[in-house]
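Chains here go by letter, A, B, C and D, matching the order in which they are written, and residues are numbered from 1 within each.
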Amino acid sequence: MNIKEIQEELIDEFSMFDDWMERYEYMIELGKSLPLISEEQKSDDKLIKGCQSKVWLHAELNNDTISFTADSDAIITKGIIAILLRVFSNQKPEVILNANTDFIDEIGLKEHLSPTRANGLVSMIKQLKLYALAFQTQLNK
Amino acid sequence: MNIKEIQEELIDEFSMFDDWMERYEYMIELGKSLPLISEEQKSDDKLIKGCQSKVWLHAELNNDTISFTADSDAIITKGIIAILLRVFSNQKPEVILNANTDFIDEIGLKEHLSPTRANGLVSMIKQLKLYALAFQTQLNK
Amino acid sequence: MFDINIIRKDFPILNREVNGKPLVYLDNAATSQKPQIVIDSIVDYYSTYNANIHRGVHTLSQEATDVFEIARKKVQKHFNIKESKEVILTSGTTHSINIVANGYAEILQKGDEVIVSAMEHHSNIVPWQMLCERTGAVLKVIPMNSEGELILSEYEKLLSEKTKLVFVNHVSNALGTINPIEIIIEKAHEVNAAVLVDGAQACSHIKVDVQKIDVDYYVTSAHKMCGPTGVGMLYGKKELLNELQPYQGGGEMIKEVTFEKTTYADLPHKFEAGTPNISGGIAFGVAIDYLNEIGFDEIANYENELIAYATQQLLEIEGLKIYGTSQYKTSVISFNIEGIHPYDIGTIVDKLGIAVRTGHHCAQPIMEFYKIPGTVRASFSFYNTKEEVDVLVNAVKKAKMMLQ
Amino acid sequence: MFDINIIRKDFPILNREVNGKPLVYLDNAATSQKPQIVIDSIVDYYSTYNANIHRGVHTLSQEATDVFEIARKKVQKHFNIKESKEVILTSGTTHSINIVANGYAEILQKGDEVIVSAMEHHSNIVPWQMLCERTGAVLKVIPMNSEGELILSEYEKLLSEKTKLVFVNHVSNALGTINPIEIIIEKAHEVNAAVLVDGAQACSHIKVDVQKIDVDYYVTSAHKMCGPTGVGMLYGKKELLNELQPYQGGGEMIKEVTFEKTTYADLPHKFEAGTPNISGGIAFGVAIDYLNEIGFDEIANYENELIAYATQQLLEIEGLKIYGTSQYKTSVISFNIEGIHPYDIGTIVDKLGIAVRTGHHCAQPIMEFYKIPGTVRASFSFYNTKEEVDVLVNAVKKAKMMLQ
């Protein structure tokens, strides 16, 4: 599946829910299944700033795609990360760089998208894209 | 005339005027007739603070009454001083200390009575009373 | 008489819905809501007598100056301050504290000691750290116990001839503890140290008499007292304020300016450089009147009942732990549920229309003390109700179910 | 289209009477009046989404934060500032200047030089005097000529390797002169000095592009731009602001606090300690929108015509002298009549419903330069009219008659 298709899939999945509670419960479920970052990589340089909860994000290049692992101490944040990683992990750098994030609005999590939101969703996306940029530069050398 | 009578007289005089312009014109006239403080007494220690215009006030004890002389660089302020001095000059210290200043309201100059007013009418009255207090203490020794 | 239904009608925002639910506003320690009469006073100012104050000869300026200075007098009276010139109108608690801290830069010597409590808001820590850096003074900390109470015996040990200043909050914003400021002040005065009390959290619950408690400096923010943002108070004893160097330079705070030499104005203007928050100052006065009309005894009675009820209800939730369990408390309940991050609880209850705060509440040292990332803080005001407490308790239960 | 009748309807205060006469408000340089839309934005905030901002998880806090940050972006866009974090929201011009002055306390060395102009407001003099006292830097003054213009050849002579800072107002509040800030900035940069421009008087008349003029710091107050009191702006180039030490310590401006060590937050928060004037910031944004909707070109055209007319009419009064006669001027006319004290004129015209300012206008060095106790200052805005100019001129004539 390409990135667009994954986004569509997520929108489909979330469209089954009638209210925010079901949506959040599903997000929390997704959070529990998050491919965890290893403990030794939970170092301060992996921490994303601007979050009320702690968020660690780690990235690795596998051939020409980037695989992300991450964790948080808050479960809702973990759920958000899980959604982001499903979309962005194992994609090529340029795909990540060009991806837009309207799907977050469409799955009913718009409230998390404000740049001033203390969950740092916006910082997270920024960080994902920064990694993509770094690896792209590396690949183009 | 005692201090009360002078105040009544002033109220009488001002009651003849129909509007503020006549009142102010009369006050300005009074200002022009102010018994002037001598130039060498216009020193900084005679200056009253809190006025937008400069006001000098000098006091002397003659037997048991205080005579004030004063000046200002603004003519309206001079008018106000003239009115004050007509009431307060040549009175005994305790009379000055006990005098109230409601007559200013009654002659239609209430707007000058605010403690925050930049003309310093209130500071002036305070200074007059401070002089009275000082001389009273001196007399009682 | 205290009638909650009438009182709630004074606050337009309480009609509002959040996420489809009636707003339950329990973030009063962050900022209070504003009654209509306070809002109206701002509108009235801007619509009928807005002008820059002091030194203006024209009527509008005179009216604005008079009302602003009446507001100062209201503040004076409320706190039983001796002279109105001891009331400095600032832009808030943080600004007030910084004025005092900066004022001591020329007074403190290397090796002098200043004492802070373990449960301060960052606003009552950082300015003093900056001062210590500038002067070489040493910062000492009054420790607290696990109930969230200052350990006074330790405080006494810290006091010495070297102590120049003690600063402590009246009520802790993160724990709700009411500190024994009378004793703290008395002990400090025994070694001739001055005391600054940060009343930001106290003033909406407790009516303070600064002369009675003999405090040297007392500071607060209007926005926590039903007043507007951007305005606050610094009270200081005249003799002390006169000794402090000014903080901001500018208009209003000078007597005379030449390029060679500038002399400063008298109190309070020496510390009020520039155009102040005029509408804010005026509305602050109105807010104080409003609170006094309700009555601080009535407020305290009502709030104490409310917080007792909320505490009891919340503690019935398994795994819920309250931080700050002193018997001397005002309307703050800080808590966590075992195994759940405070941010998660805050997010879920918000979905149910409830505004609580989560995080470190600008008091990181307290979080470090308890070794927690933060708490959920529900903070109450006299316009909250038992029904709202029930909504909160149910919401927390629901959140717990979803999150565990 | 610029329609004065429609515009005047935006300002509720313009309906008011003073001393039985329609208010003629000509004290705009002290503070501007506020359009209904600005007042409404304050009411709306307090009535529907008042909450403390930043770090709050709940909806109200999120809404307030978003609108406050949108206001910051409006300020950014208006002044063409590169990044929104270069916009510091302060409590006013005076506060803004003090932030910068304090920031240099650790940077300036003894013997360094800073340059001020002869026509500054006290707010742009006193903070620098305090800085010089603290650091041992030396204050130099750009002189002016009798027209009220800075003498640039003298300025160039003052500049040297030692010059670290130049601060000058964009428009003089006492004279109305528009200073050639582009040239001043360019010359300062040639010796690597930074320039702070005090835009308090300029911003209601001129739309400033800070990148185009390459200014290092630009400051202003909302209350002179149809916005509320208690809020203002400090723009600074990111690289420079990053080097300055913070001014106020407190909440918001920290990254991490322990009693041992505190680290500061990034821009803009490093300089925004404590709860800001939230309603003020929001309303500032609305005021900027309002002015832009009218259009700064339209405003300038209209005001220039008005001031030309007023100047011509006033000069017909015998013995009337205008201070500040540069051809580069905005809407300020400062004058005296021979043999009459400005206070007297101000008092009489007030009786006729006219608000002008009298005195030294917080610019005592200018008064000293002209050897006068003060001036009468009529300052105009786009909501004033030719008819109001006529009322003023007649009132001044009447005052002259009464007072001579």
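Odds and ends about this structure:
Going forward, a residue touches a chain if its C-beta (ideal position, glycine included) is under 8 Å from a C-beta of that chain, and two chains touch if they have at least 3 such contacts.
The structure presented is a predicted model; accordingly, all values stated were derived computationally and were not measured.
Interface comparison, B-C versus B-D: the pair with the greater number of contacting C-beta pairs is B-D. Centre-to-centre, using mean CA coordinates, subunit B is 45 Å away from subunit C. Centre-to-centre, using mean CA coordinates, subunit C is 31 Å away from subunit D.
Between the CA-based centres of subunit A and subunit B the separation comes to 79 Å, rounded to the whole angstrom. Separation between the centroids of subunit B and subunit D, computed from CA atoms only, is 39 Å. Of all residues in subunit D, those touching 2 or more other chains are 19, 55-57, 59, 343, 347, 358-359, listed in ascending order.
Counting only residues that touch two or more partner chains, subunit B has 52, 118-119. Viewed as a contact network, the protein chains fit none of the simple shapes, being neither a path, a ring, a star nor fully connected. Every residue of subunit A that touches subunit C in the complex is listed here, in rising order: 20-21, 24-25, 28, 52-54, 73-77, 118-119.
Those residues of subunit C that touch subunit B in the complex are listed here as 53-57, 59, 62, 65-66, 69.
Contacts from subunit C toward subunit D in the complex involve residues 12-13, 16, 18-19, 23, 25, 27, 30-31, 33-34, 38-39, 42-43, 46-52, 55-61, 91-95, 97-98, 101, 116, 121-123, 125-130, 139, 141, 221, 223, 228-231, 246-254, 256-259, 262, 273-280, 343, 346-347, 350, 354-359, 362, 364-365, 368.
For subunit D in complex with subunit B, the residues that touch the partner chain are 19, 340-341, 343-344, 347-348, 351, 358-359, 373-374, 402-403.
Of all the residues in subunit A, the ones that touch subunit D in their complex are 52, 111, 114-119.
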